[in-house]
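Here's the structure, in structure tokens; my notes come after.
Labels run A, B, C, D, E and F following the written order; every chain starts at residue 1.
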Amino acid sequence: MFPNKKVQSLVGRMVHVEMKGERSVLEGVLTSVDDYLNLHLSGANEMENGERRRLLGSVVVRGNNVVLIHPMNE
Amino acid sequence: MFPNKKVQSLVGRMVHVEMKGERSVLEGVLTSVDDYLNLHLSGANEMENGERRRLLGSVVVRGNNVVLIHPMNE
Amino acid sequence: MFPNKKVQSLVGRMVHVEMKGERSVLEGVLTSVDDYLNLHLSGANEMENGERRRLLGSVVVRGNNVVLIHPMNE
Amino acid sequence: MFPNKKVQSLVGRMVHVEMKGERSVLEGVLTSVDDYLNLHLSGANEMENGERRRLLGSVVVRGNNVVLIHPMNE
Amino acid sequence: MFPNKKVQSLVGRMVHVEMKGERSVLEGVLTSVDDYLNLHLSGANEMENGERRRLLGSVVVRGNNVVLIHPMNE
Amino acid sequence: MFPNKKVQSLVGRMVHVEMKGERSVLEGVLTSVDDYLNLHLSGANEMENGERRRLLGSVVVRGNNVVLIHPMNE
């Protein structure tokens, strides 16, 4: 399964996303993803040292700034 | 709804945008967006720790430098 | 008006450009722009804390390293 | 062999991947790769100074944020 | 003149190039350029605070990591 | 000669490559390159202050993270 298909298979699941930039870790439900790995998360929280720091809610993340993504509880 | 369509659905609303670079957080009305997530904001303010730091007014943001975008008051 | 058209509408005007990288703020007259937001500025100055630091003159800026651009005196 | 073919030849092997961003080194089995060097790793660990810091498990890495990749034990 | 044409017009001239990354300023003769603003410089020097730090000679620079370029002595 | 052709002309030679990211300088034999400047190096060493720090061996480098490349002993 190609990497983008792997991410598509995670739609509907809680994911952990690490990004470039200052606020760098998000966790939320992956609502949609496209071939550029742009992500739409719902119920997303900004995380710090494994703790929730701020509720963002519905958020779109630009794919080129995603460093990595993995499903939670796997 | 794909991530870029989600962002298009926010046109006319106040959005919170986090970017790469030193002045990293903007809030303003999303006036237009294209498929690269280049954004045109109006009445935009540069934010720091949740406070307005500087009024930018009409500003165009390069999509590849957008880390995340979410609607305000949601 | 799409974001790239908004920038094209600024040709001939003074613009403020924030970029990635160490010398991050430029101001000058926008002479030309293409769809990647590559910019050609004339009479450009490198700015620091709102003051002119160095005259660059004619300068080309790579679009992907533009964080934001806005017209001055608006 | 072109660079992307070289990476494809590593599928099924343990690889060492260095990335941009704060958590910058991963090691795991390369499960799939596409032409953008997006990678799917399984059994991936986040590394620090050559030691395992955290088990990530199944993880997708965005190709543009991969600095380098090399096979382990070569 | 579009920005990439402006850069092409500088072939054969001494240029000043600022880049992302640790060694961020180069000066040399622009030998060739393509539409991505990949640059081939000859007789290039790495600069620090306006002084030559190291002779690189013939060097190719990746366009996406070019922040800005301008002709010298203009 | 366009910049990408210049790099192709270096296949088989020792090259010095500076990259974005923490481990930023590599030296090795350029085994292959594609039009994105993705590089395959063999016998590559990670360098620090002009000294070999670590042998990487066969390594693939993502082109967009290459800041510059030049031939050694030129």
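The criterion applied here is as follows: a residue touches a chain if its C-beta (ideal position, glycine included) is under 8 Å from a C-beta of that chain, and two chains touch if they have at least 3 such contacts.
Bear in mind the structure is a predicted one, so any value in this text is a computation, not a measurement.
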Message: If you apply the touch rule, which chains end up adjacent to both chain E and chain F?
response: none
Message: With a step meaning a move to a chain it touches, how many steps does the shortest path from chain A to chain F take?
response: 2
Task: Please give the intersection of the contact partners of chain B with those of chain F.
output: none
Statement: Field rot_deg for pair chain B/chain E, CA superposition, rounded to the nearest 5 degrees, holds 120
Message: Quick check for the class: compute each chain's Cα centroid; which one is farthest from the centroid of chain E?
response: A
Statement: Residue numbers at the chain B-chain C contact, same meaning over half shared and different meaning under half, come out as different
Statement: Taking each chain's centre as the mean of its CA atoms, the one lying farthest from the centre of chain D is chain C
Message: For chain D versus chain E, what separation do you get between their C-alpha means, in angstrom?
response: 32
- request: Using mean C-alpha positions as chain centres, tell me how far chain A is from chain B in Å, no decimals.
  value: 19
Field: Residue numbers of chain D (touch at least two other chains)
entry: 19-20, 64
Query: For the protein chains shown, what form does their contact graph take: line, ring, star, complete or other?
result: ring
Message: Let me make sure I follow the ring: beginning at chain A and going to chain B first, which chains come in turn?
response: A, B, C, E, F, D
- prompt: Which positions of chain F touch chain E when the two form their complex?
  reply: 1-4, 6-7, 18-20, 24, 37, 63-64, 66-71, 74
- prompt: Inside the complex, what are the residues of chain A that reach chain B?
  reply: 19-23, 26, 31-34, 38-40, 44, 56-62, 64-65
